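Here the structure comes first, spelled out in structure tokens, and everything after it is commentary.
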Amino acid sequence: MIEHTTQLRVRYAETDTMGYVYYGNYPTYYEVARTELMRSLGSSYRKLEEEGIMMPVISLQIHYKQPAFYDDLLNIRTVIKALSPTRITFGYEIFNESGDLINVGETTLIFISSSSKKPVRAPSWFLDLLSDL
Amino acid sequence: MIEHTTQLRVRYAETDTMGYVYYGNYPTYYEVARTELMRSLGSSYRKLEEEGIMMPVISLQIHYKQPAFYDDLLNIRTVIKALSPTRITFGYEIFNESGDLINVGETTLIFISSSSKKPVRAPSWFLDLLSDL
Amino acid sequence: MIEHTTQLRVRYAETDTMGYVYYGNYPTYYEVARTELMRSLGSSYRKLEEEGIMMPVISLQIHYKQPAFYDDLLNIRTVIKALSPTRITFGYEIFNESGDLINVGETTLIFISSSSKKPVRAPSWFLDLLSDL
Amino acid sequence: MIEHTTQLRVRYAETDTMGYVYYGNYPTYYEVARTELMRSLGSSYRKLEEEGIMMPVISLQIHYKQPAFYDDLLNIRTVIKALSPTRITFGYEIFNESGDLINVGETTLIFISSSSKKPVRAPSWFLDLLSDL
């Protein structure tokens, strides 16, 4: 299974009055994580956009286990849970430096044409890259 | 069933390179929506915090149907889907000005003590307020 | 002098570990304020974008006087401090509900063509609208 | 003169409809930069907070020269421009991978007590660390 771990440090901007990372900032952390997974495979989301393909998220799920705090160094383990020519599902687990599981999440993205905004099939080079053989 | 609709205008800051509202900004819209639902019932989340109770989110789900754009005036319909002394689940539907459904989501929050950070039961005045009789 | 006051309520997402509105969120508040000033004059920034004009900010200044907190209802008084065919300067003062001055700021924006990304003159209808005679 | 350069990659969340990094996200980049400067000196802002000191920003200035885009790898050069027992001024220059100057900025921060919220003098270990001898 394709997987990748990305490290990221919590910014003050991302915390809230509770002193926790605001729950709505984790989708951004997941974005960083899947971007770095693609980069680790030798490609990039940016390259996809340059070919006229965009990847909007169609579903998001997060189960929050523990808070993260300012300046925490987080490890985000990302896997490709499902891949088809029309959609891709990433799974995420975030851990803090003590190894505690902060949260678990999942996002599904589709491929659309930048010009028509209609769903399209992913380029085959992209599918080949992310296929696990 | 307790429900409330809040209006909110999309800020430029909340859009991304696709020209869409970034998927990670909807949790903030949901926060605004549940805050205004509570206010409409005559209370406020702030008042709860002043009593030493905080409400972290323990789960989030969003199904994205259509994009929203800069300056769109959105209507967020919020309902209380489940309420117990230890947790509360809100459901959300966001519509644009044309009445298109933008996305559907759900968040579950628990009550914790600001001092001990341990789960606690919600104050009874709060439960009474949100109970639908 | 053209001026407009916009109201805005602080979101939990916008606060930080200090319990203050994060200093980097005020530029977004200023964006809301100048957008609403334009709307109050019968136009909109969106309309400008539809005509192929974008308005990037070229300078920003903020002097922070007092913190704002979660759920505060803020009043942002916005004025047009300078206007030429190539640039516009807005001034801002944010007050809380007690009338305390939270901060004072200024942004200068230029007009560029969406296609060429080069500076252009503002459309004359836009200048007429914002001119104070 | 004490200086430090931090690298940071632009997130999709940080871009806007223009395709540019939203002007209001640079204060967060500056926060990351001064945090890393302090860490490079062997200390951290977090340690300061643990000693009961907070550092709110009292002024911010940014001059925007060029846009940054999604996935750009930015270098932020940070210097301490002024230091006294009661305040500290950081200067910032952000460059893209081609070496173009993206923007230039400055922030001044004061020291306050977490409990009293009143201005205090910085701990001497902190001043010693940041003094340039």
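So that you can tell them apart, the chains are marked A, B, C and D in the order they are listed, and the count of residues begins at 1 in each.
Note that contacts are C-beta pairs under 8 Å (C-beta built on N, C-alpha and C of every residue); 3 or more make two chains touch, one makes a residue touch a chain.
In this text the structure is predicted, and so the values were computed from the model without any measurement.
Between B-C and B-D, more contacting C-beta pairs join the chains of B-C. Chain B and chain C have Cα centroids lying 27 Å from one another. Centre-to-centre spacing of chain C and chain D amounts to 23 Å, using the average Cα coordinate of each chain. Between chain B and chain D the centroid-to-centroid distance comes to 33 Å (mean Cα coordinates, whole Å). For chain A, residues touching at least two other chains, in rising order: 12-13, 17, 24, 27-28, 31, 49, 70. With chains as nodes and touching pairs as edges, the resulting graph is complete, every pair of chains being joined.
Residues 17-18, 20, 23-28, 31, 49, 54, 56-64, 67, 107 of chain D are the ones that touch chain C when the two sit in their complex. Residues 12-13, 15-17, 19, 22, 24, 69-70 of chain B are the ones that touch chain D when the two sit in their complex. Residues of chain D that touch chain A in their complex: 9, 11-13, 27-28, 31-32, 35, 44-46, 49, 70-71.
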